[in-house]
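A, B and C label the chains in the order they appear, each numbered from 1.
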Amino acid sequence: MSESAPNGNRPMVQLIGVHKWFGPFHVLKNIDLQVDKGERIVICGPSGSGKSTMIRCINRLEEHQQGHIIVDGVELTNDLKNIDTVRREVGMVFQHFNLFPHLTVLENCTLAPVWVRGMPKKDADAAAMQYLERVHIPEQANKYPGQLSGGQQQRVAIARSLCMQPNIMLFDEPTSALDPEMISEVLDVMIDLAETGMTMLCVTHEMGFARKVADRVLFMDEGEIIEMNEPEAFFNHPQSERTKLFLSQILSH
Amino acid sequence: MAKSTQLETRRPAAVERPPAVQTGLLGWLHQNLFSSWFNSFLTVVAILFLAKVVPPLVNWFVVNAIWTAADPAACKEASGACWAMIHEKYRLILFGRYPYEQQWRPLLGILVLAAVIGVSCNRNFWKPWLADAWIGGLVVWFVLMWGGVFGLPFVPNNLWGGLPLTLILTVIGLAVAFPVSILLALGRRSQMPVIRVISVGYIELIRGVPLISLLFMASFMLPLFLPTGASIDEVLRAQVAIIMFSAAYLAEAIRGGLQAIPNGQYEAAHALGLTYWQTQRKIILPQAIKIAIPSIVNIFIGLFKDTSLVAIVSLTDLLLSMRQAIADPLWRRFFMEGYIFIALIYFCVCFFMSKYSQYLEAQFDTSRSR
Amino acid sequence: MTAPTASVSPPVKSGGALWRNQLFRSFLYQVTALVILIAAGAYLISNTFANLEERSIRTGFEFLDREAGFRIGESVIPYRAADSYRRAYIVGVLNTLRVSALGIGLATLIGVLVGIARLSPNWLVVKLASVYVEAVRNVPLLLQLFFWYTVITGVLPAVRQALSFKLLPGVFLSKSGLMFPTPVSHPIHPYMAGALGVGIILAGLYTRWAKRQQDSTGQTPQRLLPCIGLFLGPVLLVWLIGGAPMAMDVPTLMRFTYKGGSSITPEFLALLTGLTTYTAAFIAETVRGGIQAVPWGQTEAAAALGLRRGTALRLVILPQALRIIIPPTTSQYLNLTKNSSLAVAIGYPDLVSITNTSLNQTGQAIECISIMMGIYLTISLSISAVMNMYNRYVALVER
């Protein structure tokens, strides 16, 4: 269902008229969104606004009931093959890291490349070490997640996703569970990543990061996208009342 | 759809209803019974199984059952359950050989104990006077059961039986074991090697052997430990075994509670100058016991079931009194009804206590999370 | 995860009055405790000797060599009434271990299935499994044993009208227990056993080769089917070489009863059924709890990485779940072994039953009961020691 044209112009992620209900609760209302290759989108909004649900629909951790979600030309349906293809191209970083505690840092990173992409172990190990260096913790490769600090664990989680060489990275409040002094080490890694041209969708409250890196900032409330704009315009000239209220609450710190 | 870098605002979307398959009865059926091919297959198999099993059971239990009859012959002809047997024998099953006219006394005793237990279940009543309520309840119990005062005729131990015996063995077992188990738990965590060895040795010994071996030990060996000529009542022997048994398990439950107390509590107490026993009594133990309460309730449930083992040493608890009741040649063929009757009694007590324990655990979880 | 250390005792103060000195007091307490213990012990022991003397009961363990003089209903090793008490005890221990081992195996199988059923998305399946678990957990085991025993000996038909099953030819169920066919002894059998060992080694080697293949090339060779093939192949081969002997000793109805095949007694059957159904319910709960205790985020992270459900289950969920499941399950195994002591109530000759008979005959209660408790203690402590070692081995490494 992709619209046309040569690859270069095809959007990476398309959400068309997406609705989702949890039981009778309408959690995503008529979401329309298009993300191009290399774009960085930051999504903000009050809790319960559906922002996490929306990005989790993109890699099918949640199912949408109505509308279409198309990731790099592949539509997300109940077809397992499509879901597998999409998950290989989309990486995700969670608020609570979700590292596998019974495996070492290196094994965490090589698990998926070996078992999903069928990479030989040596190659997977080498690639993993490269990514661990990119996130600045190659020396922890043989430690277990329980032995690392929160900031270190989240960086490992980023490396783990990168090892699958995704085209799109999703971040679900990656720094919300971290102590303040560790937030910047993770944000630095994310900024590095943005500068390499990775397509990123990031749910976060870190507005400084949004200003520095985002191409577009989205505000969601009660399941709808209320406002979407370039960072300058978004922060300095918010149009909707709800956006203004949210920004005043969050930027007063 | 052109990519837009301009400002975009949306009008609030109209409230829409989820697809029909999502909601209501159809939605529930779809999600819970027919969500996949395998699930649908399982549902069909389950329904077939129930269709085959449930109607005959209902017929037997209720439809064709005889509820009262003076004569077993009426039951023999019917194809359903013979609840008439229970109607005939229930007092024998419930109270054993306790004198017939005096059976209101154990009944009242059970109600008193049940009331005390019920009161203890309510968190609002976890105050020091609860201990007094327990002591009062137990005194009332013994006065009722033994008699000999207030014009009540005396009834010796060996005539006690059935549900009162099961209940009192459990309750006294836990009540007397409780202070002992606190000492054992503290002893196990003590720095003094002798104390620790004694505590660990006791706990591991008791937990490593079956209850039946303790009952045998109490039955056969306890009389030997007493001075020559002294004798010890059979009920008391079993009671001692049950007390020893529950002390070990309670000690482990309390130890679990003690382990959950952060070091800071000890440090704060010592900084204030409290001695070891003051610290334990006022600061540590109240918290530890509260944490251990769900485990303690589970031990109560287990103990209530385990008292059925005294049937093996010929104490007429609820199980044995039922077996004695159905030994009656007239009603012997209706043994199933007897088993079901007391199974229901055990089930009701244990099931509701376990639901209570789950409720407590949920309460403590939410109250502890900040 | 909190693991606070043991209680901190107040710092040792030196100097000051002797009776306030912490070290001295600790010493005093321990000495007092020992003295009380020894004094109480001495009192009890002296009473005991006096009582034994009075009742003319012998002491000591020589009775173990004496002739037992009682029959035992079933036994793994040959036993006659003229054998010693020691041999009788050994028979009892073997009977206990026999029913416990089988019970543990069956209960684990059923428990795992029911535990998984309780997690099913199918509402009916969950409810049915829950009814089973709640019904069995809240009724005393002894009651259930009596129930099974009465059903087997009361409701099942007499041997001559034994129940048979269309799908299981040669299997007969009656008041006298369960009868089933056994293979007729054939010279090729020992070789088949050897071939089984070879099969295990072959399957192990293949698994190692498959892992090395995956490490070097990234392709995962088929594992399950070839392993099964290698495991069973040599056995089948040897069997064919031996002429494919299929002769079975099938129980056949003679004039009064069945002859041939093998059988298990109604007591064993009742005990096994009761123990299995009871323990399986508890194991089901620990399995369910273990799988639910693995944080949902682990499943999500595995899915987000593209791992398929089966692989994610095997590599991420199960290893974590097993760490949580195995300790309480092992304690259920211990409970099953201890609960097998209820055999005495339905006449299965286990350790407790033998002890009971012995002490009634010899009057030497202390020795008999001590032997019994010693044996149970050894079994419990061994199982606990193994479990502790396993726990330390798989503990998640943390700061």
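Methods note: a residue touches a chain if its C-beta (ideal position, glycine included) is under 8 Å from a C-beta of that chain, and two chains touch if they have at least 3 such contacts.
Note that the structure is predicted; figures quoted are calculated from it, not measured.
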Chain-level touch network, classified as line, ring, star, complete or other: complete
Most distant chain from chain C, judged by the mean position of its C-alpha atoms: A
Dominant chain pairing [most C-beta pairs in contact]: B-C
Computed distance of Cα centres, chain C from chain A, in Å: 49
Whole-Å gap between the CA centroids of chain A and chain B: 50
Where chain B and chain C are represented by their mean Cα positions, the distance between them in whole Å: 25
Multi-partner residues of chain C (each touching 2 or more other chains): none
Of chain A, residues touching chain B in the complex: 11, 14, 16, 19, 21, 23-24, 26, 29-30, 32, 34, 36, 65-66, 216, 223-230, 233, 239-240
Complex contacts: residues of chain B adjacent to chain C: 31-33, 35-36, 39, 42-43, 46-47, 189-195, 198, 204-205, 207-213, 216-217, 220-221, 223-228, 258-263, 266-267, 270, 275-276, 284, 301, 305-306, 308-309, 311-312, 319, 323, 335-336, 339, 342-343, 346-347, 350-351, 354
Partner chain A, residues of chain C touching it in the complex: 214-220, 295, 297-298, 300-308, 311, 315-316, 319-320, 323, 396-399
In the complex with chain B, residue positions of chain C that touch it: 2-10, 26, 29-30, 33-34, 37, 44, 47-48, 50-52, 54, 120-125, 128, 134-135, 137-143, 146-147, 150, 154, 338-339, 341-342, 344-345, 352, 355-356, 359, 365-366, 369, 372-373, 376-377, 379-381, 384
Contact footprint of chain C on chain A as seen in their complex: 59-61, 84, 87-88, 90-92, 94, 96, 98-102, 111-112, 114-124, 144, 146-147, 157, 160-161, 164
